[in-house]
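In the part that follows, the structures are each spelled out as structure tokens.
You will see subunit A twice below: alongside subunit B first, and alongside subunit C after that.
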Partner chain A sequence: MAVPLVEITLAGAIINASVHFVPVGGAPAAMATSTGIGTGTTQLAAGAGFTGLMAAAIMAAQKGIVLSNPIHLAIILLSGAVGSMIMLALTMLLGQLIYVFGVGVVPAADKCEKDPITGDYQKSYITPGTTGHAIPTVCFISGLIGAALGGIGGGLAYIALKQLGFASEVAGIIAVGFFFMNAVLASYNIGGTIEGFHDPKFKKMPNGIIASFIASLLTGVIVVGMSIGI
Partner chain B sequence: MSHGGGGHAAELYPENQVILFGAILAIVGMYISQFLPHVSMLIGGLLAVGATVAGANTTRRVAAYGLGTGVPSIGMVSLGLGVISTLAGVLLAGVAISQFNLPNELLYGIPIIVAVVSIVLGFIVGKLTVNPIGMKIPIMVESMTKLSLMGALSILGFCAAYAGGFYPDVIIGGAVKNGIIGLAFIAAGMAILHPFNACLGPNESHKRTLLLAIACGFITWFIFSIVKLDILSSVVSILLWGIVYREFVNQSLKDACCVLYTPEIPKKDM
Partner chain C sequence: MDPTLLVLGALALSGAAATVAGCAEDLESDVGSQSNPNSQVQLGPQMGNIHRYFNKAISGEPVSYGLYVAVAGAVAWALINMGLSVPIALVVGAGIAAFIHGAYAVSAYLGRIVGQSKNFGQPVYMDVVLSHLGPIVGHGFIAVFCMLIAAYLATSMLGNPFPLPLVALIFGITVGAIGSSTGDVHYGAEREYQKYPFGGGVPVANQGDIDIKAETGIRNGMDSSYFCSKLGGPLTGLTFGLTVFLGGWGDIIGEIVGGDLISKSVIAIIVGIIIVTITAYLNRVIEVYARKKYGPYTDR
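Coming up: the complex of A and B.
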């Protein structure tokens, strides 16, 4: 009982942290007038998180996988992380193609002078009146880290629910609800848009993690209570 | 995104009245689904629409402050909390009976247990959005509580209508194992978040948003009727949807006139 409770609490905190890494641009980014992917946090987190959840669930359903074996757990979590990363990487890549070749803007980050990874100057490429364009390297890498964490968090929640003895369908739908709850708490903490780990808003992350920690602990207690009869 | 600082349009009905009405309708619908399973989709599905309409009305009220993250976020959190509380209520009742030797009649109280769990969960998550996170919306806590309740009632309402009851074995076997709860999650979610998301902006009116909310609720009911292959409910729901949606389009055209006929701009500078 205690191990799944700890796992589900940690999973909530990890999901919350993951959302802070994803470069969410919101509506301005959809018009290529802001850095990031052009949709809301909830949709992005849901897209990447669900793919991770499914990848983890498929791995957990493979023959010979035992949930009590730590190495097998690590494989399930990695599977979730990779599934989630592929999903978000494709989203960012295709978005980038549309931004660069369709809209015709240069990828540029607004929140840093120089790209911390490539060292390229950013400010001179930003159109006046906008806050950056598309998905520069630093945002892409940040997004990949976020997706990996999201997949791990989703997978961990699913594993915890399976360890409590729920059927796969029940565990899956509770994990979906749990994922949305934590992703939206993170998105309220961000306040709409974020560029990645170089954004000043990233420093607000502890608040979000504390909120998710408490909410997940409460959910964990309810879920453990539900599992007593199984 | 936000309402654009447009403030609040006048309310046709007070919010609490709509919430009370929606909650009572949805709970009555669940009991009808339980005791009269042969009309569960026809009447239970219709009454579950009350919960989605009340949820859409609360979404309108809270999202008008400008959430900064888009209207869908609060709709999805309401359904996320709703699905957890629905399953919690259904399974906790079974646990209480098997572990603490409580009478079997406790199962009749499942809708009430679901409502209580969702109110507690929504209240605490609402508090968390205000305290460590720092949302500056004054009605955030009460709105999260109401939305969590409406999310739970709409999910349980549609699932009970589909499965023909809310007993744990009925609902787990008839609506969770086959994935219908996933449909309830997203279809009811759309019915809660879409109306205000579509109608927001200057000149938003309560009547138009409510009409769209009712239309969205009916189309959700229609989807469930189709999935259940219930011909009578399908016909009734699509007819009702047609009537309400036609009214919504008329109302939109009427309201659009108010925007279009602006006073003429003077041709010369005086």
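Coming up: the complex of A and C.
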């Protein structure tokens, strides 16, 4: 019982951290008025995280997989991370195509003078009256890290639920709800939009992780209680 | 037949269905003006732009599509377990979801427009409701039905351990997140603001000043769908289709290369990482192209 409880608690903290990495610009980004992906924090993180959760579940359902085997566990979590990264990478890449060829903007981050990865200057490419647009390299890489963590967090929660003896169907739906809970907590902590790990808002992440840690621990206790029939 | 070939065929069909679903989902959200760009349609009358757009932000796209596809999946799942043939069950499930979609669309339009009528003078156009409802429900039906096909293949052929309604829910949330992040940008940042020069995005001062005139006559949601079908819709479809296809492609490669479970799985993970690396490289290529092509602002 102790191991799944620890896994669930850690999974919640990881999911919360993952959301802080994903560059979401919300409604302003959909109008190319701010940097990032043009949708809501929770919804995008959930979209990517659930893709990773399904990839992890498919791997966990393979014949010969033993959930108590650490190597098998690592493979399941990595499968979740890769599934999630593929979804978000494609979303960012094809979104970038629309920004550049459909809207005609240059990818530019507002929260840094120079892209910390490529060294490109950003400010002079930002349209006056906006706070950046599209998905520059630093945001893309940050998004990939977030997606990987989201897939690992979702996968870990699913494995913990399976280890508690839940059927795949029940474990899946609880993991979906659990993911939403932690993504919403992260979204409250972010308060709207974030560009990625270079954004000053990213420094608020420890608060979000603590909140998710506590909420996930409580959820873990309830889920463990459910599994033993309380 | 070789089981790997069967899985490959199912994956290809699943990817193709997902591509059509993604495209139809984005075009439906353009006809009905859902998701983030809806904020501009909502803001339009307050800025003096009385419009004939449909206006139905029922909720965020991921949540609303999660609902429709999960309803369709649950109905289809029940009918399949009652002994009905799979194709008919999927059609009936998608049909019931289409009715629910239509009901939400009408109530959302009336609720949102009436809320703006008294203070900002935005009329409720009944002909807009009647003319747009067909394309909204029709595109929604195509999107939901194609996602159900992909979800059914995932559960029956591709080793997904979740039941059909749960896979359908996850696919609905994913397609909503993708449509909202990719295709809707074409609608929100370009189509709604075509009267401004191409490029540059939408400065805050221009927000709400949406186009109300079409190429001929007064603009409506179907004009937007026509425009977005040239770039936003297809790219949304491509994103979702590739997500479904490439997500399973690594497993196929692992299966073909063979070996024990661990080596097959590691190959699948490596293939996934290679795909992600290629996308990161392509993203950088597009970024460099845009910086060279459009250049910096020199007249600040």
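Methods note: the second predicted complex is superposed on the first by the 228 of 230 C-alpha atoms of A that agree within 3 Å, B and C clash if a C-alpha of one lies under 4 Å from a C-alpha of the other, contacts with A are read in each partner's own complex, and residues count from 1 in each chain.
Just so it is clear, contacts are C-beta pairs under 8 Å (C-beta built on N, C-alpha and C of every residue); 3 or more make two chains touch, one makes a residue touch a chain.
Remember, predicted model here, so these are calculated numbers, not experimental data.
Chemist: In the overlay, answer first, second, both or neither for which of subunit B and subunit C A:A89 touches.
Modeler: A:A89: touches subunit C, not subunit B.
Chemist: In the overlaid three-chain picture, which partner chain does A:V6 touch, first (subunit B) or second (subunit C), both, or neither?
Modeler: neither
Chemist: In the overlay, answer first, second, both or neither for which of subunit B and subunit C A:F101 touches.
Modeler: second
Chemist: Have a look and say if subunit B or subunit C is in touch with more residues of subunit A.
Modeler: C
Chemist: Between subunit B (first) and subunit C (second), which does A:I37 come into contact with in this model arrangement: first, second, both, or neither?
Modeler: Touch status of A:I37: second partner only.
Chemist: In the overlaid three-chain picture, which partner chain does A:V176 touch, first (subunit B) or second (subunit C), both, or neither?
Modeler: both
Chemist: Based on the superposed arrangement, let me know which partner A:G47 touches: subunit B (first), subunit C (second), both, or neither?
Modeler: second
Chemist: Does the superposition put A:I228 against subunit B (first), subunit C (second), both, or neither?
Modeler: Touch status of A:I228: first partner only.
Chemist: By the touch definition at the top of the document, which applies to A:A27: first (subunit B), second (subunit C), both, or neither?
Modeler: The answer is both, since A:A27 touches subunit B and subunit C.
Chemist: Is A:L67 contacted by the first partner subunit B, the second partner subunit C, both or neither?
Modeler: After superposition on chain A, A:L67 lies in contact with neither partner.
Chemist: Identify the overlap between the subunit B-contacting and the subunit C-contacting residues of subunit A.
Modeler: On subunit A, the overlap between the subunit B and subunit C contacts is residues 26-27, 40, 43, 46, 169, 173, 176.
Chemist: Going by the contact rule at the top, pick out the subunit A residues touching subunit B in the complex.
Modeler: Residue list for subunit A touching subunit B: 26-27, 40-43, 46, 167, 169-170, 173-174, 176-181, 184-185, 187-192, 207-208, 210-211, 214-215, 218-219, 222-223, 225-229.
Chemist: In the complex formed with subunit A, which residues of subunit C make contact?
Modeler: Touch list, subunit C to subunit A: 35-37, 39-40, 60-63, 154, 158-163, 166-167, 169-170, 173-174, 176-178, 180-186, 188-190, 192-193, 198-207, 231-232, 235-236, 238-239, 242-243, 246-247, 250-251, 261-262, 265-266, 268-269, 272-273, 275-276, 279-280, 282-284, 286-287, 289-291, 294-298, 300.
Chemist: Would you pull the subunit A residues touching subunit C in the complex into a rising list?
Modeler: Of all residues in subunit A, those touching subunit C are 26-27, 29-33, 37-40, 43-44, 46-48, 50-51, 53-55, 57-65, 71, 75, 78-79, 82-83, 85-87, 89-107, 118, 120-121, 124-130, 133-137, 140-141, 144, 168-169, 172-173, 176.
Chemist: Looking at the complex, which residues from subunit B come into contact with subunit A?
Modeler: For subunit B paired with subunit A, touching residues are 1, 67-70, 72-74, 76-77, 79-84, 87-88, 91-92, 94-95, 98-99, 117, 121, 124-125, 128-129, 131-135, 172, 176-179, 181-182, 185.
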